[in-house]
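In the two complexes that follow, subunit A is the common piece, with subunit B as its partner first and subunit C second.
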Partner chain A sequence: MAMGGIMILVLKGYIISVSLLCILYALRHLIFAYDRFMGKQKIFYGDIIDDQLPTVSVLVPMHNEEKVASNILSLLSKTDYPKNKYEVIPINDHSEDKTKEIIDEFAKRYDFIKPLHRYGGKRGKPAGLNDALKIAQGEIVLIFDADYLPPKGIVRELAVNFKDPLVGAVMGRVIPVNADKNLLTKLLDLERCGGYQVNQQSRYNLNLIPQYGGTVGGFRRDIVLETGGFNENVLAEDTELTYRMYVSGYKVVYANRAECWEEAPENWNVRARQVKRWSRGHNQVMFKYFFKVLKSPHLTFFQKFDGLLLLMVYLIPFLLLLGLFDFLILFFLGDINFIAPVYVMLIPLLFSGFGNFAPFYEIAVGAVIDGLEKRVRLLPFLIFNFVFYSIYISLGFWQAILDSIKGKKEIHWDKTERFRDKGAAD
Partner chain B sequence: MIEVVFFLVFFLFIFPFAISYVLASGKERLNIDLNYTRNPRYFSVSFREKLFKAIIKDSLLKGDSRIEVQMSKKELVKYGKFNDLTFNLYPNHIYVITNRAFRIKKGTAVKKEIYALYDLVIEDDCFIRAVACDGVCKIGNDVIIVRWIDAIKSLYIGSGCSLGIACSTEGILKLGKNNIFTRLYGHPIITYGFNEKEYKEFSTIIEKTIRENPVQLEGFEDKPVYVKGDIFSDDDIRLKNVIVEGTVFSFKNIYLENVIVGSPERRVSVIGERITFGRGVKIYGYIQANTKCGKVS
Partner chain C sequence: MRREDDIKEKIIPHRAYRIIKLDKFELIGSFTVIFLIFMVVISFFPYILENGIGYCKQFLDTIYVDAVFDISRKDLFVFSIPYIETYGKYPTIDFAILTLIVSLVLSIIFFKTKYLKNIFLTLSVLTFINALSALYFILFAEYFPYSLPTFSYLFISTAVINWIVLMFVFGLLVSPLPTNILLKIFVYLLISLSVIVLGFLKYLLVIIVVKEYSFIFMPVLFLGFGIIVDYIYAVMFYGYFMSFITKSLLKKREEWRWVE
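Up next, the complex of A and B:
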């Protein structure tokens, strides 16, 4: 009896703990939404006009990107950034299609395009970036994924943030170019809207932890090189860099006006692989930085608090799934009362509605600010994403656990499939 | 009880989902202008471009002095030379004034934008929505600009004016006392009481960018502090008798008196939540405070 009683107590305690954690995330997102909608917006470095700008290297990692390579190189060649302070390094990473030929053609036309062709050594984005960092001349390194469509003014909009010597990294805003394609892309557009327009912006406003997202952003080259370059065995090199900056005493800045189009995944399989990869990488970073964040002398109490909640974002769905199993065990043990169904619904609803991946009031605020009046009506559909993400994030979490148990060093990079017709971008 | 809850959750949910999907159908995408490039005179440049095309196409070719132009909405434009214009005859028109020199009389209120192709004088106590001037623009005292004012050659502003959201010129922007502003752009911007001097000695020379919280620097009138880099702070910045080569940026308040920022060779910025200028300030470039939180004291 005693053993069974303790067991039931633990199981019930677990459900209550997870519920409390969800409420904590809910409050966090409510504060963000309120701040973005009603609060005072912080000044942007992007407003600075100064003729003295830093030198910039733009890195574009590419692996079999013939569908999109010419679009991004063409747009990057039209930048308004002073050309004597600017270079573009397309990183051709073991491509087997026509990516190499496309890059070489652009390099012939523009002397600031300096290709890096990699057909040996370790594959993957971090390895490619590390090689490119060795030849990059710019004080500031900006990164765009190959499927992105950077506007003419975005290089200046991002680079000017680094006038402040305390800024270590900067992140711009990502907007899906194919938002109208299908239900998935529409939902991703909503998520991006809430995630950038509201979540990142209010974290910037409130002096918390804006995140560098690995593309449409950049960092100081010397800091990254001095701290060992990119970790080639971490899948979320962007999150790793974010936390590296913070624990080293630098700021990460969110530049809401530095908007750039991306191609969002158009089918659920591709999205599933992407989410699983992000979860695996993010959780690797969580294992590495949890205590470093707690102990960092450079972060304030609220920054540590936000930093830890952000680190745990890809852990929560796994904890929630455990909670559901926990509930089922209690159900079969006959130890639930009439409020149990409410528990069952409460946890996922809190998480899907107010939790970290689909906080609908953040999205609603973002959609109002952006004027997406039709799209916002899809908000109830985010509950599907909750179930979908919970499964794949949990799988990613398990892989991260296995990586850390096995001490796995070699991690295979799973490239996101492109959907654009070759060279077509309106 | 449980059955009822599950039924409600899993079946009745279908209806709001279906309705929301139907309501959300159709195309809607946030558009990014891929050619956008930052310009501190953006309002007036865009205004001139739209107006100019319409004037050439409709007014000059058709000989009509009243035309319709597609701005953010359709607007009526009155084009031509005017004598002693009171702006009462066509109160809802944008005026394009082709007089070599034009004077807006004291106390005039204009609801719509004014575009002067040559020099323009706005006398005291006027209330004007927005002004674009291709020549020299002189503004008297206690004038209220609601949106923006831009002059290509130079812009002289009296005292006690409210300068709207943006006040800009390609040339010199001179400011009198007690003006309130949000954004200023000029090459240079000069406040009252500025005397051109050549300094031979400096009390201190700071070689690098200053990054402190707060920043307070004070030199002597004949021996200022010289900062070779930029100044950044999360807290207040207070400078008196200082020369700064680079940008001055604060997340809080900035106070400048007898200060030079930037140089003819380098445009820079002074950006803060609240900005207060005392006498003798000269800035090459751009100034930005929160809405109407900039003040020339």
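Up next, the complex of A and C:
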């Protein structure tokens, strides 16, 4: 066969392979949508009423968080969790604004608030969490990002899940507090809705791999310490922890009722940096855990299958983007056939919400259950997210490859910009 | 009955505990009816295609009195696909250079735009593809593999595959929705027929653009206007239908059941 013929065969083979992978994801998410809409739902342990609650340490990583610090500390101080079993550790990580003063002010008023000020050592969330784990007294560690607004009962709703000794981590639901701000926040609200209400809940229902998301969730302190704490060179310490739990034989609970409000990015550049960082971190975890998941004796066949698909979610946009170039080359070579157009259609049809990796039909089901009557009409706008997400997720993927080639040890943690006016949520 | 069960009968469940009440027979019935409609529409495809392309030809005959438009046919799986044959034109080198410059400038402007970045990045990629096409015509115009008839067949044949896939997917999505079966049939037909009817209008527009402004716009029309646009209005109808269902469900306690 001539060289040109082989090249065309390779180009077409690539398109067919990625199309088949897309169809696999499409079916996975269709099953999730059906399951959440009408299947048997698995309830988390949040409804258990028990006075024998575990001791809890709430960690709040903060770096220049003066806009939001007082809001979260104020809300965490109003929790209904027994105060003799509760402590809050705000981790001030090299802040240069008034974060330190705000934390100290709260520490004076509440003795269960025990600040950790870090002005030396390695920067970043995982390093900060590791230092905090050394001083934390609670059996259970819960984490909230500084921009979150936890309701009064959420600590109890999350902590009670650990009454089951097999539960290693728990994840609550994230809802944007500023969803009405602009088109971006409205679309992010839809993505979150599909990602949590449907995707996470279905994975929990079907005994697959619900994911610990690094905030509005927690874990057993002893398991994390025994397995070496947080890896300070991985950006997605949350995904890493999820897979560490599963390959160690523990399970992750998704607590759909444990809702917490977050501040969604209000401009596209902030969102771009955020997904690029997620992609870089997630792909670092993919390189590390792909074969560990395959070999794990603790996972069922379907958990392994779903676990691998979940590991690859931030690889897919890169593969799709590569497929578009492939498509263009085939077009200019005059060798386009019916497979390539189907491929092009699969992209917008299935992968419209890359933030939480929810296709439009999964988001629609989530929106109906959540009662988002008007917002669901914005579904067609999600198509335009494809190019945006693909570019920035692919950049993150490349950074992850470079990290693994160079063996880079020092990773700068890019903080998400806050938009809230000081004290606005009081 | 316990007291809390009594209360549960009266209020709509919290969103974390909501699940739709569905009758299994109704569900199977919905899937069956929608599948039958899908098969009926597919079986009418030869008739739909012949008429659609026929109307397109009639329209082109009226606006291009001096031009010749023929209808040819080629087999694609079980279908004989009719398509319009006419002559088009290659871009001149000046037009290709102008297109390259304008497309690149627009692509950069769209890329740099801060607002509605998702939409402008999409436009940036499409204009960049147009710039690549212009470059191709500047450097390798003699190797361009399409004439207007071959492109015309490619466009309509891929559109037909697109319509079938979309109809199949939306059949799976509309069937289990908790609403009146007649309404589901109406929405399914609306999505299917709108994709087909607007598909013919798109085809007409593409033939006119390529004939009027040269082959240079073929790649961007095929990629950006050919397939993705179908998705946008199909999802738009679906989104409005879901909005309607959400509104009606929020008013009816009896449509929901608590997660148990």
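Here, the second predicted complex is superposed on the first by the 405 of 426 C-alpha atoms of A that agree within 3 Å, B and C clash if a C-alpha of one lies under 4 Å from a C-alpha of the other, contacts with A are read in each partner's own complex, and residues count from 1 in each chain.
Rule of thumb we're sticking to: a contact is a pair of C-beta atoms (placed from the backbone, for glycine too) under 8 Å apart; a residue touches a chain by one contact, two chains touch by 3 or more.
In this text, all values refer to a predicted model and were calculated from it rather than measured experimentally.
Peer 1: So, A:N269: does it touch subunit B (first), subunit C (second), both, or neither?
Peer 2: In the superposition, A:N269 contacts subunit C only.
Peer 1: For A:E157, decide between first (touching subunit B), second (touching subunit C), both and neither.
Peer 2: first
Peer 1: With both complexes superposed on chain A, which partner does A:K374 reach: first (subunit B), second (subunit C), both or neither?
Peer 2: both
Peer 1: Which partner chains sit in contact with A:E259 here, subunit B, subunit C, both or neither? Use first/second/both/neither.
Peer 2: A:E259 sits against subunit B and subunit C alike.
Peer 1: What is the contact status of A:F386 with respect to subunit B (first) and subunit C (second): first, second, both, or neither?
Peer 2: A:F386 contacts subunit C only, not subunit B.
Peer 1: Could you look at A:L20 and tell me whether it touches subunit B, subunit C, both or neither (first, second, both, neither)?
Peer 2: Once the two structures are laid over each other on A, A:L20 reaches no partner at all.
Peer 1: Taking the superposition on A as described, I'd like to know which of subunit B and subunit C A:I43 touches: first, second, both or neither.
Peer 2: A:I43 sits against subunit B and subunit C alike.
Peer 1: A:F332 contacts which: subunit B (first), subunit C (second), both, neither?
Peer 2: In the superposed model, A:F332 contacts subunit C only, not subunit B.
Peer 1: First (subunit B), second (subunit C), both or neither: which does A:M3 touch?
Peer 2: neither
Peer 1: Do subunit B and subunit C touch any of the same residues on subunit A, and if so, which?
Peer 2: Overlap of subunit B and subunit C footprints on subunit A: residues 43, 183, 259, 338, 341, 345, 370, 372-374, 376-381.
Peer 1: In the complex formed with subunit B, which residues of subunit A make contact?
Peer 2: 42-43, 45, 47-52, 75, 78, 80, 149, 151-153, 156-157, 163-166, 175-177, 179-180, 183, 186, 189, 193, 259-261, 338, 341, 345, 370, 372-381
Peer 1: Can you check the complex and tell me which residues of subunit C touch subunit A?
Peer 2: 14-20, 22, 27, 76, 114-119, 121-122, 124-125, 129, 132, 136, 144-146, 154, 157-158, 161-162, 165-166, 169, 172-173, 176, 219, 222-223, 226-228, 230-233, 235-236, 238-240, 242-243, 245-247, 249-250, 259
Peer 1: Contact residues on subunit A for subunit C in the complex?
Peer 2: Listed in rising order, the residues are 30, 34, 37-38, 41, 43, 173, 183-184, 187, 197, 256-257, 259, 267-269, 272, 327-328, 331-336, 338, 341-342, 344-345, 348-349, 360-361, 364, 367-374, 376-388, 391.
Peer 1: Going by the contact rule set out above, which residues of subunit B touch subunit A in the complex?
Peer 2: Against subunit A, subunit B makes touches at 1-2, 5-6, 9, 13, 16-17, 20-21, 23-30, 32-38, 40, 185, 209, 211, 230, 232, 246-247, 249, 251, 265-269, 271-273, 285-286, 288, 290.
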